[in-house]
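You will see chain A twice below: alongside chain B first, and alongside chain C after that.
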Partner chain A sequence: MNVAESRLALPLAALFVAFFVAPLVVLIVLSLHGEVAMRTWTLANYVKFFTDSFNYSILWSTLLLGVKATLLCVGFGYPIAWLCARSSARMQSVMVFLVILPILTSVVVRTFSWIVILGRQGIINQVLLWLGVAHEPIRLLYTEVGVVMVLAQVQMPLMVLPILTVMSKIDPNLGDASRVLGAGEWRTLWRITIPLSLPGVIAGCILTYTACITAFVTQTLIGGARLIYMPLHIYQQAIGANNWPFAAAISIVFMVAVLVIVGVLGAIGRASETYARP
Partner chain B sequence: MHAPRHALDWEAASLRVVFVAATLVAMVFLIAPTIIVLITSLTASESLKFPPSGLSLRWYYALLDADQMQRAAWNSLIIACWTTVIAVVLGTGASLAIARSRSKWMRACDLLFMSPLLLPALAYGFAALVYINKLGFSPSIALLVLGHVVVCVPFVLRTTIASLSQLDPSLFDASYSLGGGQWMTFRRVTLPLIAPGLGAGAFLAFMASFDNVPVSLFLADERTEVLPIHLWQQIDSNLDVRTAAASGLIVIFTLALMLIVERMVGLTRQMR
Partner chain C sequence: MIWHCDRRRLMTGAVGWGASVAVPRIVRAQSQTLVAATFPGTWSEADRNIIAPAFKQAAGAAVTQSIVLGTDQVARLTAAKGNKPPFDVAFFDTPQVLDAAKEGLIVEYPSAQSPNFKDLIPKFQDKWGPKITMQVIGIGYNPKKITTPPKSWDALWDPQYKGRVGLTALNSQLGIAFLAEINRIKGGTETDFEPAFKALRELLPNVGAIAANLGAYATLWQQEQIDIAPYNFNFVQTLKAKDVPVELAIPATGAVGWETSLHLVANAAEPELAVKYIDLHLDAVIQAQMLKPPYDAIPTNSKVKLEGAVTTAIAKSQADLANVRGFDWTKLNPQRGALIERFNREIKV
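Take a look at the complex of A and B:
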């Protein structure tokens, strides 16, 4: 409205410059040096990352892990949001409450309970053995299937809430019009509801994806020490190997990869918005 | 006329059945872990078997002697409180500026303030460690709080900006024309109206800080060990049943807080 009001953002902007932008700049500078003292400039850290297949296979599996968990979230999150948007106000509150419960419960606690569920003598294995589906306990803990399942549970709210927001704004007359004109429920879903709620789905995908690939606690506790993803890789290089310049380079590569993916998804999201409003 | 109507009903039913089934599966999937933690924490035995062979509160009593865990919990609580206070004060100002301005600078600020939500938090935590190390500081509670504010303030901004954008601008004109100054208008008109959004944001920021691992991992030292990291290390090394009791306590604490916040500001409405 006026200059005086935009000044209200200054304290937070100052904190961000001093404690967010500056650290990232220092990180970039450090990644271009061979040692922490930062005397000579070099690209050696990046060369090392991209010439060693071990490194980029970790990057690749991390990015893929996010895709798998995000797809699982869309598959289950969309029906939840769809049903929620069609429920009474009271039922809606209950459903949203249940959906946000996991994201507010400490991530360490959530992951801990999954260890009890997925373990060799965990609930899933007990049920499978009892049903006779499996004859010996199957390995779920320390496998990628386990990690994907847990990530989907932990990050589901980030998918459901944006879809729900967009879906409750869709004019119900559109669905009625579609049905009056003879389209069935499935056709109405494909041709009306899904295209119109696409911006919410994309927003949900961006949030779940970025949360899944950086979920350090879940990845390390459920994935164990042998499944290495980027966050653990950074941590091991920084604290375990004490190789700060290389850890900095890995961090930068990871951040750039995330930014590219968010940028592409964001562009798709904007395109889908214009599609929704012809 | 009969056949198509029949087909239509069947189709509507099939869609509902598929979506209700998917929702039910997802809901079980979402809620079961919370319930299982609570039941496991009541076990009477030395192991984490589910279902437990007997129920007792012995592991909750055992927490009374867990000095290290208690110290970590206390640290986490203090850090989360400071983080919330700072995030709310700075976040309210920034929200007012962002919600009422259309300038390019404010759009850029909005993007900047939201970016900690999208960037890998662990990479930021490491960057912060490198940075304070270069400046010659060593990790401390104050620096840890600042790091938490950066990653938690987006929660305050999101809900507060959403509440602000729903306000009717004529309310401010009315207040000004009745002689209310800027501060008076903020305190008597704006603040009461955005309080629910601000409250929900503060709650989310508090929980995010209390639960933060990626930043604390780098900025906390031996003295400032926080609860989630302590528990993470416990789970990673030896599965102590006291961890289950601590987890049970956290679940109860979270549920109680959620219900209070829902009653006070309508948490579920603010998050949509």
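Take a look at the complex of A and C:
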């Protein structure tokens, strides 16, 4: 890219600096102060975070929540993407529409409808009671199982779309060659399709993982106050307790933890790309 | 260059600039438009249906009502400090008034320019801004499941309600007021919350759900996820109007509550309009309208005769209103952060 061309990126860079880098710097500086007025520099907020197991139990359960929801997303999303990639063009557009349908409605609306589904009087419990599987309503709302289910549904498009993009680029001749050489459907899937679509899976994982662990609305509405995850923890410190510096510090810790995970996933993704290249 | 500026000024500038971008600029640009905060639920509906048309008629100006919780308003005003504030009129519960006044986010109310101010019951004539209503808490219950109204807070601990009790997190006023009242009943003081937390631990086996915010709390009632829980008189009235099975019982230990007030924000863009708007909330005719269902807002103007649900649930007369017990927020406020943290530790699964 020459210098003239790189100038095209300047507006985006300016936007990025103004709306991302500047607030981030404010956040970091604030986290190093004792009070909102920023009179004294201190590391106390970080010390407080790391010397208290309560804080990292929250961090840990948040990171783990993301893993659970992401795995569920891969489990359901991969077959959908695979089916989608193998369907006719017409069928494919219908399926893609169905996949992105959830992101066309507000996350608040989607989450509230899940409350209706998961509640004691909800559809799932009504069906279980009617079938006689359960004798009294089972608890789904305000449990982690409920949160994982809803997150997986809400974030599913972020998993399916990248996988689908990568899969539709796989040369169909490779599959044919595999079959001609005597491999069955499963072996072809295992040896050809999965390795070649891995970059898409990794990209999908990064997107769903980061979306799941930061999903404040879903986590609080479906999980309630007893399942404390980082976004609620940050919100309560900032708004409820009015302790901005500490809220800033735990935001930074959370961000670094997420960056590490995303970095690892990214490295795996790059490795899988070299593997996929002939 | 920019880094040579005073660090603090740069930071407040950056924060304030971010906040001012977040506010709809176009709304601000039009002249003679007041921006007023209001609470979600009962108050946003009353403000939209009763106050906004009346204000348009009386002041000839439009009002944009921004629905924001009291604590969020304090956060936004703090962020915009030194710049134009995001709204002209703040809508607070008692604890936020203390915080905002201390931080210089609101100014003393110019009561001389507010003709209705003097008609308020004296205890509601606060120098930082008039109290426009009272919020009273009691025991909310589902009358379909619980046929005899509970008579005491102890009902929440009754083993027959195992898994059916609801609570709300402490970042809501309701949550903190409930904890403070339980603390008082169990023998604690404003500086010693041990009795409250001991009682909370004993209550947890009964607790089926703890909502993270009041919106989610209302849903718990709507979905009949809980049968009995501390609740606020006005929220009960709003839900009842929507045919949700919920009633409020005032325990034998008496009604407890706090006040809600309106304030002129420091550096407000439209201070005169703001005072007119606030004064309208104090008007006897307006308050009488707001006393009617589904708002059932407890009036603070001495000329308004009590009637309706308020008289059956809380107070027969203005004198009874004075008996509603409050809390010492000057002592409670500084502990709020610690209480929230302790509460989270106790309840986390």
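In this text, the second predicted complex is superposed on the first by the 266 of 278 C-alpha atoms of A that agree within 3 Å, B and C clash if a C-alpha of one lies under 4 Å from a C-alpha of the other, contacts with A are read in each partner's own complex, and residues count from 1 in each chain.
Just so we're on the same page, contacts are C-beta pairs under 8 Å (C-beta built on N, C-alpha and C of every residue); 3 or more make two chains touch, one makes a residue touch a chain.
No experiment lies behind these values; they were computed from the predicted model shown.
Enquirer: Mind checking chain B and chain C on superposed chain A, clash or fit?
Expert: Aligned through their shared chain, the two binders clash on chain A.
Enquirer: Once the shared chain is lined up, is A:W114 touching chain B (first), chain C (second), both, or neither of them?
Expert: first
Enquirer: Under the stated touch criterion, which partner chain does A:W82 make contact with: chain B (first), chain C (second), both, or neither?
Expert: A:W82 contacts chain B only, not chain C.
Enquirer: In the overlaid three-chain picture, which partner chain does A:E5 touch, first (chain B) or second (chain C), both, or neither?
Expert: first
Enquirer: Looking at A:T220, would you say it contacts chain B, chain C, both, or neither? Reply first, second, both or neither.
Expert: The answer is both, since A:T220 touches chain B and chain C.
Enquirer: Report for A:A241: first if it touches chain B alone, second if chain C alone, otherwise both or neither.
Expert: second
Enquirer: So which one touches more of the residues on chain A, chain B or chain C?
Expert: Between chain B and chain C, B touches the greater number of residues in chain A.
Enquirer: Is A:G132 contacted by the first partner chain B, the second partner chain C, both or neither?
Expert: A:G132 contacts neither chain B nor chain C.
Enquirer: Is A:G122 touching the first partner chain B, the second partner chain C, both, or neither of them?
Expert: A:G122 sits against chain B and chain C alike.
Enquirer: Once both complexes are aligned on A, which of 19-27, 181-189 or 253-261 in chain C overlaps with chain B?
Expert: Among 19-27, 181-189 or 253-261, only one stretch of chain C overlaps chain B, namely 19-27.
Enquirer: Which chain A residues are contacted by chain C in one complex and by chain B in the other?
Expert: 22-23, 26, 30, 112, 115-116, 121-122, 220-221, 235, 238
Enquirer: Touching chain B in the complex: which residues of chain A?
Expert: So the residues of chain A touching chain B come out as 1, 4-13, 15-16, 19-24, 26-27, 30, 75-77, 79-80, 82-83, 92-93, 96-102, 104-117, 121-123, 126, 152-153, 156, 161, 164-165, 168, 184-186, 189, 206-207, 210, 213-214, 216-217, 220-221, 230-231, 234-235, 238, 244, 247-248, 251-252, 254-255, 258-259, 262.
Enquirer: Chain C touches which residues of chain A in the complex?
Expert: 22-23, 25-26, 29-30, 36-38, 54, 57-58, 112, 115-116, 119-122, 139, 141-142, 220-221, 223-228, 232-233, 235-243
Enquirer: Taking the complex as given, what residues does chain C use to touch chain A?
Expert: Touch residues, chain C against chain A: 7-8, 11, 14-15, 18, 69, 71-72, 74-75, 78, 99, 163, 167-171, 208-213, 216, 219, 223-225, 336-337, 340-341, 344-345, 347-349.
Enquirer: Provide the residue numbers of chain B that touch chain A in the complex, in ascending order.
Expert: Touching chain A from chain B are residues 7-8, 11-12, 14-16, 18-20, 22-23, 25-27, 29-34, 36-37, 40, 48-50, 89-91, 93-94, 96-98, 100-101, 103, 105-106, 109, 112-113, 115-124, 126-131, 134, 146-147, 149-150, 153, 182, 204, 207, 210-211, 213-214, 217-218, 227-228, 231-232, 235-236, 239, 243-244, 247, 250-251, 254-255, 258, 262, 267-269, 271-272.
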